[in-house]
Amino acid sequence: MKIMVLHGPNLNLLGKREPSVYGSVTLEEINQKLAELAGELGVEICCKQSNSEGELVDLLHRAAEEADAVVFNPGAFTHYSYALRDAVSAIGIPTIEVHLSNIYSREDFRKHSVIAPVASGHICGMGVTGYLLALRAAAALAGT
Amino acid sequence: MKIMVLHGPNLNLLGKREPSVYGSVTLEEINQKLAELAGELGVEICCKQSNSEGELVDLLHRAAEEADAVVFNPGAFTHYSYALRDAVSAIGIPTIEVHLSNIYSREDFRKHSVIAPVASGHICGMGVTGYLLALRAAAALAGT
Amino acid sequence: MKIMVLHGPNLNLLGKREPSVYGSVTLEEINQKLAELAGELGVEICCKQSNSEGELVDLLHRAAEEADAVVFNPGAFTHYSYALRDAVSAIGIPTIEVHLSNIYSREDFRKHSVIAPVASGHICGMGVTGYLLALRAAAALAGT
Amino acid sequence: MKIMVLHGPNLNLLGKREPSVYGSVTLEEINQKLAELAGELGVEICCKQSNSEGELVDLLHRAAEEADAVVFNPGAFTHYSYALRDAVSAIGIPTIEVHLSNIYSREDFRKHSVIAPVASGHICGMGVTGYLLALRAAAALAGT
Amino acid sequence: MKIMVLHGPNLNLLGKREPSVYGSVTLEEINQKLAELAGELGVEICCKQSNSEGELVDLLHRAAEEADAVVFNPGAFTHYSYALRDAVSAIGIPTIEVHLSNIYSREDFRKHSVIAPVASGHICGMGVTGYLLALRAAAALAGT
Amino acid sequence: MKIMVLHGPNLNLLGKREPSVYGSVTLEEINQKLAELAGELGVEICCKQSNSEGELVDLLHRAAEEADAVVFNPGAFTHYSYALRDAVSAIGIPTIEVHLSNIYSREDFRKHSVIAPVASGHICGMGVTGYLLALRAAAALAGT
Amino acid sequence: MKIMVLHGPNLNLLGKREPSVYGSVTLEEINQKLAELAGELGVEICCKQSNSEGELVDLLHRAAEEADAVVFNPGAFTHYSYALRDAVSAIGIPTIEVHLSNIYSREDFRKHSVIAPVASGHICGMGVTGYLLALRAAAALAGT
Amino acid sequence: MKIMVLHGPNLNLLGKREPSVYGSVTLEEINQKLAELAGELGVEICCKQSNSEGELVDLLHRAAEEADAVVFNPGAFTHYSYALRDAVSAIGIPTIEVHLSNIYSREDFRKHSVIAPVASGHICGMGVTGYLLALRAAAALAGT
Amino acid sequence: MKIMVLHGPNLNLLGKREPSVYGSVTLEEINQKLAELAGELGVEICCKQSNSEGELVDLLHRAAEEADAVVFNPGAFTHYSYALRDAVSAIGIPTIEVHLSNIYSREDFRKHSVIAPVASGHICGMGVTGYLLALRAAAALAGT
Amino acid sequence: MKIMVLHGPNLNLLGKREPSVYGSVTLEEINQKLAELAGELGVEICCKQSNSEGELVDLLHRAAEEADAVVFNPGAFTHYSYALRDAVSAIGIPTIEVHLSNIYSREDFRKHSVIAPVASGHICGMGVTGYLLALRAAAALAGT
Amino acid sequence: MKIMVLHGPNLNLLGKREPSVYGSVTLEEINQKLAELAGELGVEICCKQSNSEGELVDLLHRAAEEADAVVFNPGAFTHYSYALRDAVSAIGIPTIEVHLSNIYSREDFRKHSVIAPVASGHICGMGVTGYLLALRAAAALAGT
Amino acid sequence: MKIMVLHGPNLNLLGKREPSVYGSVTLEEINQKLAELAGELGVEICCKQSNSEGELVDLLHRAAEEADAVVFNPGAFTHYSYALRDAVSAIGIPTIEVHLSNIYSREDFRKHSVIAPVASGHICGMGVTGYLLALRAAAALAGT
């Protein structure tokens, strides 16, 4: 079983910028922890980060061909990228939407996700723990 | 470590009514699975269900005294009970909000949670799997 | 055939408070007239009033077990109790929503019912006559 | 006692189009059942259908002269015809607004009636049964 | 194959009033061009114009009996006539909504069509060319 | 100089219904006073009343051919008839919108006129006096 | 009979600035024409202009003591000065609101008057003619 | 003279939770200070706290029978409990709404009280001082 | 301790205009009662009334220099004067906002105060009693 | 004459994903049919698809240099890409906006196009037929 | 070249109140720096501050007579003074709107300027630097 | 000191398209003038233009590493790119948002910038002058 992990815009700066909001863990460290859990769960993961909406759409299309589920943190695209929403809906494999921070306790524009209605699951507010739970969820749903 | 699991209004009908929406698993079966995972995680859980907002507020106050974290499915109260929101905010122990269905892909009124902004984590759309993930989250956050 | 008649919050004050709005007929007198019509229609009725949302949810769950239809005046809960809405939707027996006053000609907040979308029928504005029509409707729909 | 029954736009297609929404009973059959009940209630009814807002306003003015109450299904005009609203308000005889379908569980635009605030009663969601209840209501209110 | 072409309110003034908005072509000239294209396409057309919403509803009902598709420019009724919307939805034959001007680049009220959601096709902004395209569309869809 | 006076829906009931809102003067008496003032101003007037939106559109088109200005009380059509708005805009002769009551101090829906943006003048709140002022305005503007 | 004419902010620039919007007539010329008509009507007028909301409130209070009616062009204060609205409502003498331009065909913020609901009459869109009509209206209403 | 003091949901946690928001004074200490002032004012008070909306409705109905006025801090119910609003309106004795914090300077949902429109007085933002002022207000209004 | 009492626009008409809304007590009589209570409380007060927003801003600035707290009835400025809001926020001494009437049970525009979020306290609906409570509040808060 | 055909995000999945929404025709087959029609019309077409908003902006700029008109299905970018809107407006050659599905009968977010106000024509709801009509429109408008 | 610098309400308190928001520089110091830059740019400036909307309108009218451009910080009037907006639009000389703080990152009501649409330029968020840039802008635009 | 100048989508067409809106100066000419001013100010600038949101996010991340401040005209991305907003907020160096046109006097969608709340400064409406002022601002703020 192969799970693609997609990180959206600005997440490459994790741990380097605004630690008060996004914590001090770097994206590499998150991918590292995901790899460890993947090992435990006996699944293969492939992690990608991009600041480009178009590239993330392409990656989702590739996931439909090469993977069984997706863990997807769309970053700021969460709030307006209907292109990514349509991609998640079109590829038809379980896609778990995850956010490090509690998007419902921050600015108004973050309290609405255009991805959530078509995602198989929605996890937010628990930092790295949330990513690990999302991987478990992806593995569980991909199995069914 | 003790975790209280609170089920909100109408969840006592799980498995008996509207299976197309809420699945065919009964509340007892969910509590059963939670108990099994709790055993694995080495934590103690106590499960309660109530159709009364006031009773759920009282139970949250009791959790503040007797438990280390809460897994809370507020059911329909999610969308308007500021009393439960204030209780979650006041008791100050990690509270994970969980929903069986994807509240963001159903009627408009379900797409807004007044609990989410003060919850430590927010998980929805993954049926029973979501409850199990929420228990893991509660255990993880209660530990920190 | 058994029909449960549920009266929501403050309706116990009928005939004693604000007669200009709710008329001078007491709740007991309404129940009395309903009983008379029930006799004519050959159906059995059971009337309950409660100021507690939780209690009304429990009563609706009991109706699903013990009755064939419900006549329900949710009072002020009409405008915000999604818990009662989910209960009406979940129990799956004909439920006729009735209001003494014309909720569409009073304050703005009364012009929106969260119960109406899942009720089998919606009758308002005709005082006691409305209750009697609702009982006829419940008997008719319970029969089909 | 004479009661005018007014059917609004497109109701002439009842039973011939979109049975999944409006049922398979034709308008003639509804008028037929109304006539039977009228006989039981000892009242005289006169049934009219029109696709023209202006014609329905004229008919309401005629009702003020010739009838004691009106049963009125304004069809789609329900949602925007302030001309019909002013006519109902101006003629000052009991007017019962009735709808076959539950207008509150369909498209958003149907969930608002401009007629309801000035109608003597509002009945919806119960198909033909609703028409019969409306006739009883009109007879009852015309009597007072 | 017979296609009914319906022109809504004020279109009888085409070419005589406000040429800056609606162009200098008269309604007769448009009907003339439609007849020519109909000849090419081997279909029969019948063109009607009315300033009355009720009359247009009646004409749509007649189209359901006498024609295979409709080309319909609802004019200002586009923005509020739910009666015409229900007629288009009820008659169940392909109905192509067409507008001479780009309704999305004019006043706010024109940017919302209540007909579009139930029309088989929606063409606007291309003057007479749009009418000709709508006739082709009606012929194509009526064929399937 | 010829001025057409158009009265919209329900104004035929003036003086007979709801005197508390529309005063006790009948439409005939208003037309009578207008005729007197017309004599003083040396203009010819022609008064029409209709409950039909389509008929009023036709009458406005006739005014464009036969009159120099229009005094127009659109009644309830004021608030939603974009067909009448387009007619007023299309006919291009001065059209004075007049209302007996102060539409801005009544229900919310009356506080917005779709006719006002294209009318040459807007007079409301002064009963019959308003009609007489509107006739003076029409005569003045038709002259320029 | 004495009528106070109040001109609001920026109207002192009439005829000197933005003639395309406000015409080329100066405020003095308007006052001159008003004086002439006042002579014809046998009433006394007193004209004041101020850019200060507070001063206009004071002037309205003075009018309550010294005049029988007010003609009031509140200028931009029309759209937000509830202080002037309360003054008009409090002084209880007929106050005719007048605007040179058609406030309903300009920017959105001008399409809402907070003065209109408490004014005795509302006239706009007819330039100087509107002022003269307002004076006639004030004289007529002050007389009743 | 007897005044009932009602404390809404979560106020039992006063002084124990979120002191930064609600201060460090406990509910008992507030009741203590109220009792002292009551003594000074020569009135009798009875203090109750409940997390249940239904129970508070019942208590308000009891106040109508046993007390002359009510001091009521509805807590989070302030923002959505129309049931409590109807109770306050129905019991018809002076009810002073009081809040410890300035509800207008906190989250958006707290800036709207459904109780205020039917309360005899509204006091907020002054902590315990506000409660004492509310008691004085209740005593003053109950006397009239 | 010196407390400034500021009365906003139109309050100079108290007791002379609209007694049904504002009561029959004049502003002088209110100031008189305030002076009496001030004596009891051992504080000095200075009362000012102005219809000018700018003057009230200047007076608030003076209060910052000469007084320890302010009792402020902003009248209609309550609903839109951000200049007064910024002044209250800037001067940093306790400012108690007070209204004679219950602003939450009147027109919609009165249900929103731009001053409340920055006031130290908010009292409304209790006529003169409210003013006296506000003076007590100002004295209490100025002391801390 | 050369016409560029631009397909927006996810349209590369046409025929492979969600056939119930987008039909079973692949993008290649659509391009194939367009090429055939182009031959009939004697115009040259060049078809491109991209999931990248930036790339589509670049392609529109290239069209301004190399083509006479554009047929553009912006996919999900339709609803929020003001960058593509400005590009269409800036390049100044006829651009026909086309959608396979009826965007007005699907989710709310699809009912608003930011491209439509600056497009030369707007065609939707007719599947492949719509694309062919759009090509005819482009050829017609490019010619003028 | 003469440039008028206008400071709106409460700016006289700069440096004395709320330094965390407006900085510690006083208005005099800002005027001092502006004078220095004016010298460098070879322009004459005249600086005025007022808490009165009416006075600022008068000053803008004077600027039209005596100056070539205006630098204007409308303070809180920015958000609701349409009178000042009309003055800026009427006087027709370049007016640069400037704010010390970033009005877009503070309370919602500050995120909308009624002055910006008619200002020649809009500068905010850069404290004193912004004032200096505004003076440069005024000098540049006055020159063209 | 090194300042990055970023031009958003469609700005490469400056001077070639829609001169009535964006002026006749080309992007190259703007960069040329910026270089001249940079020379005067003794700072180094690097100018980039891109139609791709993702590319601009990458460029902002590079600026955080290589530059001391950014001058950024986000073009149409201003109104919806939360990805660019998060990038500006994350990189933590002074970023001045600049627009050639007055975005507040054009279409509604341009009147809201998602970048402004996190920009260090906001300048618009002054064409090329605005760019030069923005460069001065960036140099000034980078220095502090």
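So that you can tell them apart, the chains are marked A, B, C, D, E, F, G, H, I, J, K and L in the order they are listed, and the count of residues begins at 1 in each.
The definition used in the following text is that a residue touches a chain if its C-beta (ideal position, glycine included) is under 8 Å from a C-beta of that chain, and two chains touch if they have at least 3 such contacts.
The structure presented is a predicted model; accordingly, all values stated were derived computationally and were not measured.
Student: Subunit B and subunit C are the same sequence; what rotation (0 to 180°, nearest 5) superposes their CA atoms?
Tutor: My answer is 120 degrees for the C-alpha fit.
Student: I'd like to verify one number: the distance from the centre of subunit I to the centre of subunit L, where each centre is the average of its C-alpha atoms, in whole angstrom.
Tutor: About 47 Å separates the centre of subunit I from that of subunit L.
Student: Centroid of subunit A to centroid of subunit D, CA atoms only: how many Å?
Tutor: 54
Student: What is the distance, in whole Å, between the centres of subunit D and subunit E, each centre taken as the mean of its C-alpha atoms?
Tutor: Distance between chain centres, rounded to whole Å: 31 Å.
Student: What are the residues of subunit L that contact at least two other chains?
Tutor: Touching at least two other chains: 52-55, 80.
Student: Go through the chains and record each pair that touches.
Tutor: Final set of chain pairs in contact is A-B, A-J, A-L, B-C, B-H, C-D, C-H, D-E, D-F, E-F, E-J, F-G, G-I, G-K, H-I, I-K, J-L, K-L.
Student: For the complex, give me every residue of subunit C touching subunit B.
Tutor: Within the complex, subunit C contacts subunit B at residues 52-55, 57-58, 61, 64, 80-83, 85-87, 89-92, 114.
Student: In the complex formed with subunit H, which residues of subunit C make contact?
Tutor: 8-10, 12-13, 17-18, 50-55, 75-77, 79-80, 109
Student: Can you check the complex and tell me which residues of subunit D touch subunit C?
Tutor: The contact residues of subunit D facing subunit C are 96, 102, 104-105, 113, 116-126, 129-130, 133, 136-137, 140-141.
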